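The letters A, B, C and D name the chains in turn, as written, and every chain counts its residues from 1.
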Amino acid sequence: MLRGVRDSLVVVVPLTAAAALLPFAYSNELLLFNFIVFLVLAQGVNVIYGFTGYLPFGYVGFFGTGAYGFSLAVIHLHLFPLVALGLGAAAAVLLALLLTPLFRLSGAYFAIASFAAAFAVYEVVSNPHLDAITKGPYGISLSQIYNPQLSYGVAVVILAVTLGVTVYLKNSRFGLSLRSIRDDSLSAAMAGVNVVRARTLAWLISALIAGLIGGVFAWYVSVFYPETVFGAEFSVFAIVFALFGGVATVSGPVLGVIFLYGIYNVIGISAPQYFQLIYGLLIMGLVLFLPGGVVPLLRRWGIDVP
Amino acid sequence: MSPEKEAPLLAVEALEKRFSGFRALDGVSFEVRPGEILGLVGPNGSGKTTCINVITGLYRPDGGKVTFEGHPINGLPSHRLARLGVNRTFQVPRPFPSLTVRENVAVAAYHGRRAGGAEIETLLLSLELDAYADKPAADLNSAQQKMLDLARALATGPRLLCVDELAAGLSRTELERVALRLRAFAGSGIALLVVEHLMGFIGEVTDRVVVLNAGKIIFEGTLAEAIRDRRVVEVFLGTEHAV
Amino acid sequence: MKHSMQVLGGIAVLSLLAAAAPARAATKAPAEIKIGTLYASSGPFAGISMPVYDGLKLWINQQNAAGGVYVGAFHKKIPIKLISYDDLSSTATAATLYNQLITRDKVNLLLSDSGSVLTSPAVPIAKEHKQFLFDVSGSGAAFFTKDNPYIALICLAETAIAPKYLADFLNSDGAKYGLKRIAILYSTNDFTGALAKAFTGFIKSAGKLKIVYDHGVPTSTSSYTVLINTIAATHPDAVVEMGYPGNDIAFLRNLRDVGVKFPFLFTIYSGTEIAELEHAVGAAAMTNVFSYVAGVTYQYKVNFGPTTPGFRAAWDKAYPPGSGAEWGMNALYGYHTGLVLQRVLATTKSLRQLDLRKAIFALSGKLTTLNGTFVLNSEGAQVGEIDPVGQLRPNGKGGLRLDVVYPPRYANAKPIIGKK
Amino acid sequence: MMLEYALLAGAIFGLYFALAGLGLNLVFGVMRIVNLAHGDFMMLGAFSAFWLFRLIHLNPLFSALFVLALFALLGLPLYYLLVPPLLRAKDPEMLSFILFFGFSQAIEALAAIAFGPSERSLPGRLLGRGPIRILGQAFPAAWTWSGIASAAAVLAVYLYLYHSRLGYLTRAVMEDREEALATGIDVHFVSAIAFGLGLALAGIAGVFAPFMLGSATPSMGLGLTLQSFVVIVIGSLGNPLGTVLGGIIYGVSLMFMQTYFSSWASLLPYVLLILILLVRPSGLLGRQVRRA
């Protein structure tokens, strides 16, 4: 548990403090907010991919479900945002429960099936026949509860909690059993690990994280369309950021987001016409030359990173 | 069969397992008592490993019954069996490659029958893995990985340990040490079910053998009796190195 | 409850306006007018975004070539500096970039990217920062609320009102031509879905036509053969298909290929993107099809800026073939946006955001450009620039021309309705 | 009437989707990697056809042959550049996902820069005028031709796999890469050919895309990849006939949805994919539970 305290001091505390204080120094708060969103999503991917080896290519499904769960709770039930946030997260967890049979699939099949599941949820939400419930393709407007300061603050709290979860997973027995499942589920079962339960738990935690930040995203942006919160780029970015830094670590996804999302924004502002091209090539280079991510590389160089 | 004084720890009755028509196990029955080492021998494909897989929950049997301490355990998932005290090693060792050697054993110690990890270090020391405790398991050689497999199984505190071809590929001296260890486990009250091709090893460690052929038991008794049995000799002739 | 909120919001707007009114006007003139906008070079919205951006750039280059844009508050021309970022059709990226334009670049005039989806993130951000949003073509009805004074829609009528003339035509004249049964097929995206919803509402409330088919299909739909067959089985007199250009192309092409004809057929883009659709499906398949008449195919009597042919000439000069810029309705939108900004800058009392609002609202009903007459309602939604209904006819040279058939004040031809 | 029409149209469309899925199937079957850029190669095929027509008035049927040769040649160096390093990694299946996503992004970006973002289409008359009547129903001529071309391509792949030496080796690699390696087959060469063939098939499917799908844009790739995946998952892996079956099942169900539940039609591929994966994943994986 000592390592847990150290990891918290090195990663969780400074990052949370930075997220909370930077708006006072830097005026593009939305950029900071998006950093928080991707930090949380990358850690959410880390929980499920890093610790169990299942790649959730449709991770955005939970994000979008959280956003819509939150919005519909506000619109139809007139709930306070913080309560609605709980409902959005609950909706994401419920979706995750529905999708647990996907764990019967392995490798790329799981990834593709989860991708398809996210698309399916999007198609349902944006169907014009459900206009009365979901506003169909016409989009959500939450101007009545718009509150950028408070929602930013809540996002910072979610970031802190998410980072705490990864620190816990990295240093706890539960995290150890998850990593054993990832390495060899059969051996893990023989070691007495309840594979199904541990994996499901990780999946639900991961969905909960995405659902929470999805809800806050909806609250913060307040006007959006189904394609806004179900955009495949959320999944893809979160996965690429997590992989770049190195999964099953605390700092890997953080480094990935800060470095890659930083570059993304720098390129986006300086050389937009080559934005997508550079990004695509960067992803390819990452897979070909640095498949394990940055953190294992640093560790090999003798730099001890959490 | 002579009546036993002690109640059996494991009883397998009329076990059946089919793979798309092929009968891998066809009415296999035997018993193992605490502290006993039972050898399971037979030519390739006779159903030895399948038998272990069914006992340890990897496969569901298609018929028959497995009882452990008088309670039926067939169909229970592996982790439940591990917590009851049924464990195994794998023919090809299956450590957790990205975990350190100590973590490999720790997982089992945390989740097995015994709570707490007090014995992890003792176990590593006794299986000569202590020097590698902080290395990832992927760095071990195959003999060391076998020992790690064994260490992981032992860390769960098993009462029945199925050992699947532990000896294959080990050197003469390693073999002797392993045999000594297995006897020591039995001495501490653990029942062992040993699948092995090396008859010398079998002869050294087992009290009794069950000979399988094509999913059926063709002989049960001591190894010395077995090699005098006509059917056993027929099955093995030319295919296996006899003693 | 909701109502009282609106009233409160209205009061808030009024008090804001009042506070802004005694403007300490002419401060020092800035060295440049910073116009900030986003565009999408790739992704699903690139097709509508890039022409708008090119049209806007053309206007800016013209202004700068003439020494800058005239700003009334300072009685002089000031060069324009365009600050633009690529959002790659991603709303999350667009959100940070809008924020960048407002908080870091501190642009004088903020323009949204094309279409409702990419405009949506700008609406709350602009409101939060009290920056007036010149909404180029984000016509989603949700954007325009009583409590938000910081938005006005420039280029096309708000979706709830856009299909008005089409519906009016069918409701008032339909019976005369024997049009009794109507089939509506739309693509389920925020734009055409909302248009169809509004249109169906108009038809239903008039109660003159019987709706025999009303279904949405995914915007990704590319083969309509089966759908056409299904629609034909309901024996409609009038068929209205509302989709993006790709949908219209596939629909018209499949219709021709299977040889089905409806007495009255309407699609959105056959009239507004004639050249592209004619290239794809051929003139024969588009003859007598009804469509919207946009500035790109109709010459409005302008009171400001060039007429459509004048603009076309300037466009072709600025963007010769091979330059990659696409002529069409969206190109005209970009240029029209520039013209509106030109009038706003010429008349505004200062560059303060609420003065900009006053200036653009003052234009309402008084400005007619090549895109029609600019009219805003009190919430900033565009309610002028409603596209008339036209019909495609052979132009005698193997191609097509678009005659205006409704409303009567624009009409230059009588509609030809086919036989069942 | 509506039912028969949906059936027939679905079958024609299905043949086209079989063609779209075939290349992806081949690559996945042989290399166990997911080519997420498959749809982008279809997009490139479509733009090739568009520009070949615009510049030299080449009929798409000839463009298809040209694209076939060009893409197959392009596939060889691309294979050696991308795939062997991938196969050496710890989890190639998963990493391929990400690698080819990056590739897909790069291709889309280059296409958008080169061709502009707008929709491009080819006049339908290039593949015959007016409706063609099949069993009393009228179908677009372009569909019929695209269907025939698809069927021909599928047949060619079948002949290649089952009646040529290289095809035999390809199937051996599909069956068991390790064993093929052990028996001395030049696995990389066989795989490179399969990769090139996969791209070529994507290219041909792309040539007909403007006719079957209405138009082409640089951003159309990912959606096509997903649809192709649905098709090969419904069918079975490594078997061209399975892909044809998958394509036809997909095409017919799509047309049924369009006829009876039109607005839900786009939900179909995803639901179909998940259901089929869940109902018979092991068969589709082509991997049996290992007998220990």
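Definition applied: a residue touches a chain if its C-beta (ideal position, glycine included) is under 8 Å from a C-beta of that chain, and two chains touch if they have at least 3 such contacts.
Source: prediction; values computed, not measured.
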Quick note, more Cb pairs in contact for C-D or A-B? It is C-D
With centres defined from CA atoms, tell me which chain sits nearest the overall protein centre. A
Just curious, how far off is subunit D from subunit C if you go by their C-alpha centres, in Å? 37
Centre-to-centre distance between subunit B and subunit A (centres being mean Cα positions), rounded to whole Å: 43
Centroid from C-alpha atoms only, then distance subunit A to subunit D, rounded to Å. What do you get? 32
What is the distance, in whole Å, between the centres of subunit B and subunit C, each centre taken as the mean of its C-alpha atoms? 76
Can you list the residues of subunit B that touch 2 or more other chains? 58, 90
Which positions in subunit A are in touch with at least two other chains? 123, 127-129, 273, 275-276
Please list all residues of subunit D that touch 2 or more other chains. 108-109, 112-113, 263, 266
Flag every residue of subunit A that touches subunit B in the complex, lowest number first. 173, 176-177, 179-180, 182-184, 186-196, 248
So in the complex, which bits of subunit D are touching subunit A? 34, 82, 85-86, 89-91, 93-99, 101-110, 112-113, 222, 226, 229-230, 233, 263-264, 266-267, 269-271, 273-274, 277-278, 281, 284-285
Under the stated contact criterion, what part of subunit B meets subunit A in this complex? 56-58, 77-79, 82-83, 87-88, 90, 94-99, 103-104, 106-108, 110-113, 152-153, 155-156
Across the complex, what residues on subunit A touch subunit D? 53, 55, 57, 101-102, 104-109, 111-113, 115-117, 119-120, 123-124, 127-129, 232, 236, 239-240, 243, 273-277, 279-284, 286-288, 291-292
Which of the residues in subunit C end up touching subunit D in this complex? 40-44, 46-47, 49-51, 89, 188, 215-218, 220-223, 225-227, 229-230, 233, 245-247, 249-250, 253-254, 256-259, 276, 279-282, 324, 326
